[in-house]
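Think of it as A, B and C in the order they're written, each chain with its own count starting at 1.
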């Protein structure tokens, strides 16, 4: 794989974090990983309604557990390209509608081999609307009547329309392969690095090493997932040695952990995109002058410095910085108070509503800053607080301007699920642009990678120019781990390596 | 007295009905529903609609409430909308933890309150009395979460004597005594000041009462006067406060549960409200209401026992 | 009837040796001064602070060390800590006062009336209040927050409402206490009208426990206000208030302790000072 300028830059951006890591991971280098022991990982969890269904993953913890027990055919890399994993290879026909996938030799925890029919069963289940699967949108394009198992380890998937980016679906979270016929996940059987041992909904989940794992048995004997909702409780548990992995840590705690020899801080730079959506289909932001004023009125440097506490970077109103197909050439939007003020005056609007919440720890701070920044361009923002549990459904319906965030996703998937006119009900901005539909379809249909990159780049540029998804910042993703833990790094959430403990060890 | 106690129980049942309806009315004000919460932020509106149908949420809320009430009449607390499991399963494991935590706090509190209150009330104005008052007052004034984080920082992270959280426990299983030391300490320090002050005032008043002076003049042993007459009368005014404390402890102690990852009734109730899981919310509310009613009833009965002429039922 | 009952140091003084009494007086004086200081500092800050305070606009460099631009440094939102401390007292002091005044203005008359008039009224009122008491206050707060009613008015109302049932019960209990009943019975037999005996005189007699209760409630109310913030259902985060500042900076407790400890200390001083002084006052009145 050639090293592009982009991934090289991403490497540089990550160097700061790696330096911190090296400073506190004393004696981390060299030596074979120690085997054995139990690693306890704490996440925010969903409560009593949790299941171990790997196709319904509302929380990060659900993804992490699915990853331990199951395998996906592909893996999402840090730039969201997809490479083969449980699949040995995949290749399309010339039209990009017929995909031939060859599987590795692997077996489920009960000894049965992983076969092509298991894969077909899995994808059919995900595409079934009744499953309400997290990755449903990626698999609905499959023509299941025409798709078939060629033999036990080879299958042919037929798509309703050409899609040269189809393999990206194979690495998605929520596309984990389950044995054919599985309907209950009370005691899940997968082909992943860890076998299921026990689980209490809303409580701990325990897994044991799968010695027969096709990619080599994990170093850990056991892996336990613990729900700890409160962030300071996760940090406390980590420092007192009650857990070895604390997911999703605040910037302030990261600074505290960095100065403590008992812990290491793992940082994935540029991992969560922070939006300030406005609705295009209703006043006041149906006025393009007001949208323009908004993005010119934001002081993104101040937002990154204060709301993200320096653990992040300013956004440029396009999703996907650092990821494949992102158009780096589009210049960064900067603040222009005078022009913004003039545009606000022209529009005649003086008061806007701003919906916010506590879903992301940076939002309360960002809210205060943005209210102050808007005041400087002549807009009074009335803040509406929305409770976290129904935040996204609420703001999608009711808000005219609101915060939102998205973890790392393949850029084309993000476009498909939020920007296409077919995804209007799911859209936060209600922005419709036939040209984006066309560019997206073109990107999928074109077998040439360069043309594809150009098409997706143009779509993002249009999104930027038309202010369809203002992004004020991109935050780092921070995880705290015990000082002895090895084999983990700062990875972007949703990627294959993130929250993956197959290569982790306790020393 | 028996008839009146019977009336009290009848009233209590009426109260439970009123609370249940009140809670139902309150929950109808909450935006969103279980389907939205269960599917999480990534769900599309279409998926939410599908799940809504699967969970039976497309029926009017009052019809769901009527179903629940119908089940209740037959002694069935219902099933959680989100999990499909019986509500008692969810509450059961949390109830144990909350009861243990409350019991421990009370067991530590009562002797402390009585000793401190009695001493302070007998020696009002002495240096020890004033220091006790000052110390408990300050302890009460420190917010729970601040005290919690400071205690964790000191005893768990710095000294390493106690675990920082109870992460990984489910109800009582996996719970060890050291995990409860800091939570109980916070609960006690929060309640001690208020209770001890009330007992102290009560004791001062009772100690100076005419009939107590009379008993002393009659030559009754000081010990008897104190334990038989001063203490009971001195404790009565603080019984309401004590009832409130016990009720609060049994209703779940949310901040402490959050700080120490303790799966008690408080966090369970909040989770149920956040999931918009009507049967579970209702069951919790009934449980809390019943606790409140019972605890207050006991406090009233105890007041009547201790100073019979003072309290009408 | 002018005396306030036998809540006196003299009444118990003979039980104490002279030396202890002297020492007691010294401690009392020390604690009185301490109480005044503890109460005066936050009150003074709350009243005068806003006039002197530098700007608390967010956007500076967060968690700065104390320096020339920011005498106490900055908090996690990059606001001047000195400014926050000086401005943040006004809301908490007025909110606490407003909630308490509202709660007692409603609850004390109800409590007295209930204690004075027949059993049916008493049973009904207490029953009704118990329902209020049994409604999980958490649910009330969460509904208020979820429906966007987290303005200052709603918070005062909710906090006051939570106190009412308890105060009514306390007043009723105190009015029925034996030391109270005996004298009142004598007055009733002396031919005084019921309202004079039951409302005015009883009101005076329940004053000490009510006052004590009110002061202990100061810390309870302040605690409730800050806990509400901890649960995300409290004041708007844009309001500068000690409790809110503590909550916002809690996550940086170990990085910039002063951003938590200063406002928290002022809150504690406020509560502790009130309690110490009321104790002292009660003794002096006696």
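Keep this in mind: a residue touches a chain if its C-beta (ideal position, glycine included) is under 8 Å from a C-beta of that chain, and two chains touch if they have at least 3 such contacts.
Quantities reported herein were computed from a predicted structural model and do not represent experimental measurements.
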Label of the chain whose CA centroid is most distant from the centroid of chain B: A
Top-ranked pair of chains - ranking by C-beta pairs in contact: B-C
Identifier of the chain whose CA centre is least distant from the whole-structure CA centre: B
Interchain centroid distance [CA atoms averaged], chain A/chain C, Å: 47
For chain B paired with chain C, centre-to-centre distance based on mean C-alpha positions, whole Å: 20
Computed distance of Cα centres, chain B from chain A, in Å: 41
Junction residues of chain B, two or more chains touched: 31, 149, 258
Multi-chain contact residues (two or more partners), chain C: 142, 146, 250, 254
Multi-partner residues of chain A (each touching 2 or more other chains): 232, 387-388
Chain B contact footprint on chain A (complex, rising order): 40, 42, 46-49, 56-59, 129-130, 132, 134, 136-137, 200-204, 224, 226-230, 232-234, 236-237, 239-240, 242-243, 359, 387-394, 396, 417, 423, 425-426
Parts of chain A lying in touch with chain C, wherever the complex brings them together: 231-232, 250, 252-253, 255-256, 299, 302, 305-306, 309-310, 358, 361, 364-365, 367-369, 371-372, 383-385, 387-388
Interface residues, chain B side, partner chain A - complex: 31-33, 36-48, 50-51, 54, 80, 82-83, 85, 90, 149, 152, 156-157, 160, 163-165, 167-170, 174, 258-261, 263, 267, 271, 274-277
Chain B-touching residues of chain C, taken from the complex the two chains share: 5-9, 11-12, 15-16, 20-21, 23-28, 31, 34, 119, 122-123, 127, 130-131, 133-136, 138-140, 142-143, 146-147, 166, 169-170, 173-174, 176-179, 181-182, 208-209, 212-213, 216, 219-220, 222-223, 226-227, 230-231, 243, 246, 250, 253-254, 260, 264, 267-268, 270-272, 275-276, 279, 283
Chain B to chain C touching residues, read off their complex: 7, 11, 14-15, 18-19, 22-23, 26-27, 29-31, 122-127, 129-131, 133-134, 137-138, 140-146, 149, 153, 190, 193-194, 197-198, 201, 204-211, 233, 236-237, 239-241, 244, 251, 254-255, 258, 266, 269-270, 273, 281, 284-285, 288-289, 292-293, 296, 303, 307, 309-312
